[in-house]
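Next up: the structures, one after another.
Okay, so chain A shows up in both of these, paired with chain B first and chain C after.
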Partner chain A sequence: MTTELKVVGKSLPRVDAYAKVTGQAEFTMDVNLPGMLYGKILRSPHPHARIKNIDTSEAEKLNGVLGVITGKDTKDMRYAFVDTPRYPADQYPLAQDKVRYIGDEVAAVAAVNPETAQAALDLIKVEYEILPAVFDPYEAMKPDAPTIHDAEIQGDSIWEEWGAEKTKKSDANEKVNNVSGRTVITYGDPDKAFAESHHIREDRFETAATAHCALEPHAAVAHYDPAGQMHLWLSGMGIYYKRYVLSKVLEMPTSQVRLHKVYIGGAFGGKMDVYPYEICAALLSKKTGRPVKIELTRGEVFTTTRLRFPTYIDIKTGVSKDGKILSQHIRTVVNNGGYRGTGPVVIYLFHGWTAPVYRVKNMRYEGISVWTNIPVGGPQRGHGAPQIRFAIDSQLDMIAEDIGMDPAEMMLKNVRKIGETLPNGDVLNSCGLIDCVTQAVELSDWKEKRGAPGSDRTERKNGSIVRGVGISTTTMISGAPYYPFASAGIVKLHDDGAATLISGVVEMGQGAETTLSQIVAEELGISLDDVRIVAGDTEQSPIDMGSFLSGGATVTGAAIRLAAADAKRQLLEVASERLDAMVEELDISDGIVCVRDRPDRCMSIGDVVNYSVKKTGDPIIGHGSRKILSGTSRYPSLAKGTGRWTDAYGFNAQVAEVEVDTETGQVKLVRATTFHDCGTPLNPQIVAGQVHGCVSTGQGQALMEEIVYDDGRVLNPTFQDYRLPITLDTPETAGTEVESFEPAGPFGAKEVGEGVVAQTLAAIANAVYDAVGVRITTLPITPQKVLAALENQKKPPKNNK
Partner chain B sequence: MTIYPFEYFEPKELEEASSAFFEHGSEAAILAGGTDLLNMLKANILKPKVVINIKGVPGLSGIEEIDGELQLGTLTSIHDLETSKIIQENFPALSEAASFLGSIQIRFLATVGGNICRAAPSAETAPPLMAYDAQVYMYGPNGERSLPLKEFFSGPGQTVLAEGEILTKFKLPIPALRSGSAYLRHSIRQLMDLAIVNVAVSLTLDEDSETIKEARIVLGAVAPTPMHASAAEKELIGKPATLEIFEKAAQTAAQESKPISDVRSTQDYRRAMVQLFTRRALEKALPRAAQKN
Partner chain C sequence: MKLLISLKVNGQTHDLAIAPHHTLLGVLREEVGLTGTKRGCDDGDCGTCTVLIDGNPITSCMLLAVDAQEKEITTIEGLAVNGQLHPVQQAFIDHGGLQCGFCTPGVILTAKYLLEQDPAPTDEQIRLGLAGNLCRCTGYVLILEAISASRDGKMQKAEATR
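This part shows the complex of A and B:
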């Protein structure tokens, strides 16, 4: 990279800023169509019950009610994010025979206003036979526990359509009650390496269910037009994925389902999946012939749109005398609730976030996902990374203390380097982990604040307040194979020299419309002001991977750079004729095409386009595409962890500094020093915003966020009782990106914005231990837990004297 | 988020408001700041047939010193409590408590009468008002009556207001010389959070500036209603104001409290925090008392 970048790498204002600050940006709930009806969903009040009868007659008679649907109207409709030969889809838009968690969808109503729809729900009589329920995954696996999915699911899965083998490979493991997925990955010789280890530790960690808390509640507007097209406005993260699943469920050709563009008010993983309310809006529109809007309440968002999986993690680690990790045995159990959600994926991902960070040659990993009767788990910013990185790096901190080593030093002995190949075949063509750790250590004054291993902490006390520091690292993919497995872009030029980018990307606050436009401007040699974007509409935009596997910069970005390059190639071919020079002799800068070093032989891009139209009629339209994992045709195995699954990994390291009040047990995150390797930052200000957001999410999940259940009922489905950090709680932040260049990404860019969440948890937990010598292994680290642990610490050891 | 339909009144006189309220009884709700009422309507916790907006009734708001007493109109905004000079100087615990209530936007709308009539165990303004011996005035079908605020709450979300009665104002005696007070609260978030424990204390010292002459310790969020820690208060009176005495009173206050375990905290933790924050509040109030002579 020798050419100087003019647009990429600059903190330019967001292209959607004007629409957003003026209130013109349209979100799903702003969509109002003539004659529109309002839908509401009737949900199960029981965690586990059989439906004996549903009587909708009174609801249907209510004045203003135009449509009522139940499981009878959705028979044979089965779908799920995980739908493979091994794990066939286990969800239904409306309950068939059973309900499996409190909030499970039973019926839906469309009426002239929300009040009438609500009143109609109250008139639907459902006769339930209440079944015994189970909420704990270990209880659920016992042979005598109630079986939540009792019938073997038959039929084809969508992955077969995407090229997975049709034959259902039998699971070699014995069948265990309520187990919904299992991953077993082994490499090296773990037992032998444990036998050769200098020191071995075994620890258990537990994490809580947490919520995404996007400010925009989920909403859908559906309008079935009589010509046969289903128009949809949805709170989503990927229009092509949702279109595909909805077309399957609704039994319509894909191109007859149209997702229209809306802005998304935050998603964080919670708007990726297709939800019953979306299918119900479509079905109710088809049934009534009128547009239907369904807006979930905040309570519904908290309980029925996926939560981070509560996870139990047992880790056994063996290290050499000098702190090298020789062997690791990791066992995880996730509670995926009434349906799989992404349970079988997250147990695969736990290993996925383990292998790229530390070089562990001998590994046995076993993950199990379990059906219970709590709300369903799904992806949430980091998808499994916060849980597993919390466990691994908490334990690394404990091991470092055991062997008298500084944990940052121990990390540096184990982190991977550029050029390494992972056990699944992925290659680290960029990897700034060493720089991330060393720069975070340096900027945070780690050595001075932490002191030598085993040094006295009492002198740090100021009244009841003690400070401490902790460190952790993490990684994140830059896209992974999932429908549609590729992104494409179109760049068309205008006769005034401006360009329009057409992309399937969804703008949900992450800044994709801006960074992708910057790529186009840079490639074409024009200013960002001269790029407009049309995005997020399946009828207008080419395919896109969606914004849910952190592949936006690397995969979509690369496709769009190719589209811009294609337009540029055509442009230069025309210009070369007009300027009487070879294409190789031409440069574009500030919208002007010139023969190199000949400022007298120039013409504007607009003039080139005009000339092209006049001569041949070609207005110059470029297109480009990028497949995830070009050159591979196989998909990774969720069950065995084999197979490549991403082109590039982002990396981070963070030092957290906390204050612990030894009288209240309250922990305050004072400073978070984060260094991250996102390759080339396409827009440093947007990158910084992503990092700040991640730190705040990580801080919340480390210290206060927790969905509290009582027999499967969520007790805190409000912002009052589910506490997120507010701006006053957020820490001082420091750090920036390390120098790195990812060859797979446009201008060297890769993932940022998802991974950084994950290392904040262990960094805080380790800092709490550094401050007061209390090790909390169960998230969140509440004042009660810290105070109780401090009280225990005061008790004299049992064998004393 | 579906608000059930209701009839809406905007009375122009107190009597008109009271008779409308009396007429509709338990089917009516009073709207002042609306910051609690609107949430309860949206969540269908309340489904009133009639909403009576008293914001247009004259004479119900304002902060005034009259004859050695502070008079607070029921419609006085929380933001006014927080920023009023008279309150900051003479009733600092009330101003401090006001600063913790909701967000800045909420504090502009929410009223002191509303915060008290909502009768939440954790109500921000209740402990300081009780610590300042506030007298509460009500107007109803039988005219005006008044009670000490500590007798006003009858349970979580419940008060002694009779049908048709509207809280109109509070009166607080201006604290004597050598009085100091403080408000502290413990919550998970710094703001926008309900208290796990909140404590208001006021101390008045003897002429020797050492002996405690009067003491009030009022605890919130640890009993069905905000409560005086009466035994702890008694323990302080006549004693020298020392850290040992404070610690002992704090222990007594913790024993007197009746916390529960809920989604926000546990019984044991709340009790421990009563002790801690009572001690901290007394330690904060003492130098303020010593200054006021």
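This part shows the complex of A and C:
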């Protein structure tokens, strides 16, 4: 902290940039192997049906078809991302008895080209018995609604293998029809605190299903070699997690399943889970003895690779006269779709994104996830944070108006500070929330633009256009316990003074290869040009948490700094002998080891490595590892919210400035002023890129993005019909990181890539209200909704709240 | 039945036997082996498969390969000369105008076309010119910055010294 950083904290060019601007970067779809076959998946056309019979004989006879598989080939392969004693896995690679949403996987074929594979799918005859379907979670919970998962799931879960206690099957799933998960968290005395509140509000908010829209469609290439190893190239976010699940499902030893390095063309949560098409590619390769590639179409990506959970949120909040939140009762219901996906996780996370931001001492939180017959929900950038932060900060804006207070001021009365301990025991060893809010307010000209509470807004009108500003805050973890619960790194030195970093990290655009290389360069005292990285291959790289759960900087980064420090320690030991000085007297700078203040007693790192090899044969290889939440052995409880789950939280605040066209209802995000606490920014340009990307996604989800269903069918599975922000929508962006240092992270760094997306939604919704006085509580804020609300506003005199 | 066609890609002529219904995108990727051109939607919506045909950007998923004969096709692999990057490629590196890299080839080719048409486009013209290229990672901010930094004849100047 005291010495000046030379590589970390600098906006150095990405180490993967050259490969990416020249088209050389290899993505899964670019992998072509000799003799490779092409696979395709037959999917259910029905939202809910029983499979009575599958006849594949005609497909198998088609010239050019080499393999066909159905549910019979995946009988013992029950798996899922959530597979705990309470919530055992509920999914199979190919449907067993029933299909549960339109797009559910039924069969797969491998053929000599994609056209033949498609023709073969058309020849598979599936006899369905169509069952009544249910699409709304509240309908699905009624006792007479069709039950989507009727058979009780039996067997062990993978968490038991990871040390979770084998508990009796919980009652969580049994009492209410189709409930796939339930979280109940209580602390303090909410009822008493409500009774003592000066003002209480109850509001409902709804959010839409949205798609990740990574530009790279999901793809898999599998090659089972006769020696018994399964080689895989997958569009994934964590090679060790995928390897683990695939080895379980395929019943192979983990090290016999090898994930090879590929670049990932964006993920945003949508490439975390293990998908049936990946398992099918592996099974078809095993069956045919040939490599098999499966590329999903954009339509398949939209419907079968998870969506943000559509969520209903009811919040009751009680505040004191001076705007302190005294008590909160939050109820959430998520539409889980046909399988659990991460339903039980997201209902836990809604509370997880609540507790670190505002100090609420009395809380009752209830979350329910419900199986229905729509496509499955899953993690998506922020995983629950956009939904819950939209609701909480929309309501905060409403409460502030009720009590005649500026919402930014009300936030400052409630935000947490450094050193606070959360109800689950997590400690905020860094927390720049106050600075985030204060600086966003200042740079955005908040006070000037917002005016005093209750002030007249008509002056702001310019023709039909009215401007408004809104503010919101959010948080994100820096890694959480999930397989393999740790990351490791290897740093090997070369005899020319360069270093190679070996890591299991996956580069999917977030810049991990660059920032991790910067950590190595900084620690060793060499330039970034002298660090090369080997990453993303299970055969070559040590374990890694994966690039989900936002632990890349803090957990993997810390492991890699330790690896570099280990190499440095060894290097200095050798140098101390050669330079005849104590290790403590040595410094490394620009690749040269010197005795402090003695420029005449120096040698290059390369010479030290050379000397070491000549003397003992040791080429100097450092290694390091970091476990998430070292020192704790318990896992957090999804159902009760107890137990620690991260080492550090990132924080953000944003002021959004919008223009509302009162004639068309169109809302335009003009300016987003974002301040974030990511600890030390490892590479400010990469940090800025993460923030811009999050703002853009948040803007899309606030204003235009929505998966539209009709009886479980996705009506808009194309970029033509699912509009995401384009260049013309890009707002002016302002703001930067606040001063902060996270002790758990390398050089003080923590999360930045995921959290920022969440506060853009409420910031925009609040800005729309500030502009034209209409409160949209159902996302997205479409022109139709704004116009209807404006129309409504004209009719009766404004209701007194 | 296969069709014999001839395509001129990045200055090189390729004689190919292709299925008549194959798109230029498919032939570039699967027959010519140039995988820098990406398949993002196969529907003409996303711009990741953009190539230049006689200098004009076109989504190669929407063009049959047979119709691309007797034209100069430029893919992302054709921009660097003798191992030296095109100035627009360099600008994207310098300004951090890329993240996952999947939309990058199409974006860079579109940007090159835009700056060739008008060496000094306004901010609005740059935004309009890139409106057909989707990017989910960057929010476009640093992409637009990289292109702005290449305008006012800077791309042409750098190209002359390449």
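We adopt the following convention: the second predicted complex is superposed on the first by the 792 of 801 C-alpha atoms of A that agree within 3 Å, B and C clash if a C-alpha of one lies under 4 Å from a C-alpha of the other, contacts with A are read in each partner's own complex, and residues count from 1 in each chain.
By our rule, a residue touches a chain if its C-beta (ideal position, glycine included) is under 8 Å from a C-beta of that chain, and two chains touch if they have at least 3 such contacts.
It should be emphasised that the depicted structure is a prediction, and the values quoted were computed from it without experimental measurement.
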- Would you sort A:T297 into first (chain B), second (chain C), both or neither based on which partner it touches? both
- Larger contact residue set on chain A - chain B or chain C: C
- Message: For A:Q720, using the defined touch cut-off, is the partner it touches chain B, chain C, both, or neither? Pick first, second, both or neither.
- Response: both
- Touched partner set for A:P783, first chain B, second chain C, both or neither: first
- Task: Tell me which partner A:L728 touches in the superposition: chain B (first), chain C (second), both or neither.
- Result: both
- Please indicate which partner A:M704 is in contact with in the superposed arrangement: first for chain B, second for chain C, both, or neither. first
- Message: Looking at A:Q118, would you say it contacts chain B, chain C, both, or neither? Reply first, second, both or neither.
- Response: first
- Query: Looking at the overlay, what does A:T664 touch: chain B (first), chain C (second), both, or neither?
  - Reply: first
- Item | Which of chain B and chain C A:A452 touches, first, second, both or neither | neither
- List the residues of chain A that touch chain B in one complex and chain C in the other. 115, 295, 297, 720, 725-726, 728
- Write out the stretch or stretches of chain C touching chain A in their complex. 19, 29-30, 33-43, 45-46, 48, 75-77, 79-80, 85, 89-90, 92-94, 96, 98-105, 108, 126-128, 130-144
- Item | Of chain A, residues touching chain B in the complex | 114-115, 117-118, 295, 297, 663-664, 666, 704, 708, 715-716, 720-721, 723, 725-726, 728-729, 782-784, 787
- Query: How about chain B: which of its residues touch chain A in the complex?
  - Reply: 1-5, 186, 188-194, 263-266, 269, 272-273, 276
- Message: Quick check on the complex: what are the chain A residues that touch chain C?
- Response: 11, 13-14, 16-27, 29-30, 32, 115, 212-217, 263-268, 295, 297-298, 508-511, 685-686, 688-689, 692-697, 718-720, 724-728, 730, 733
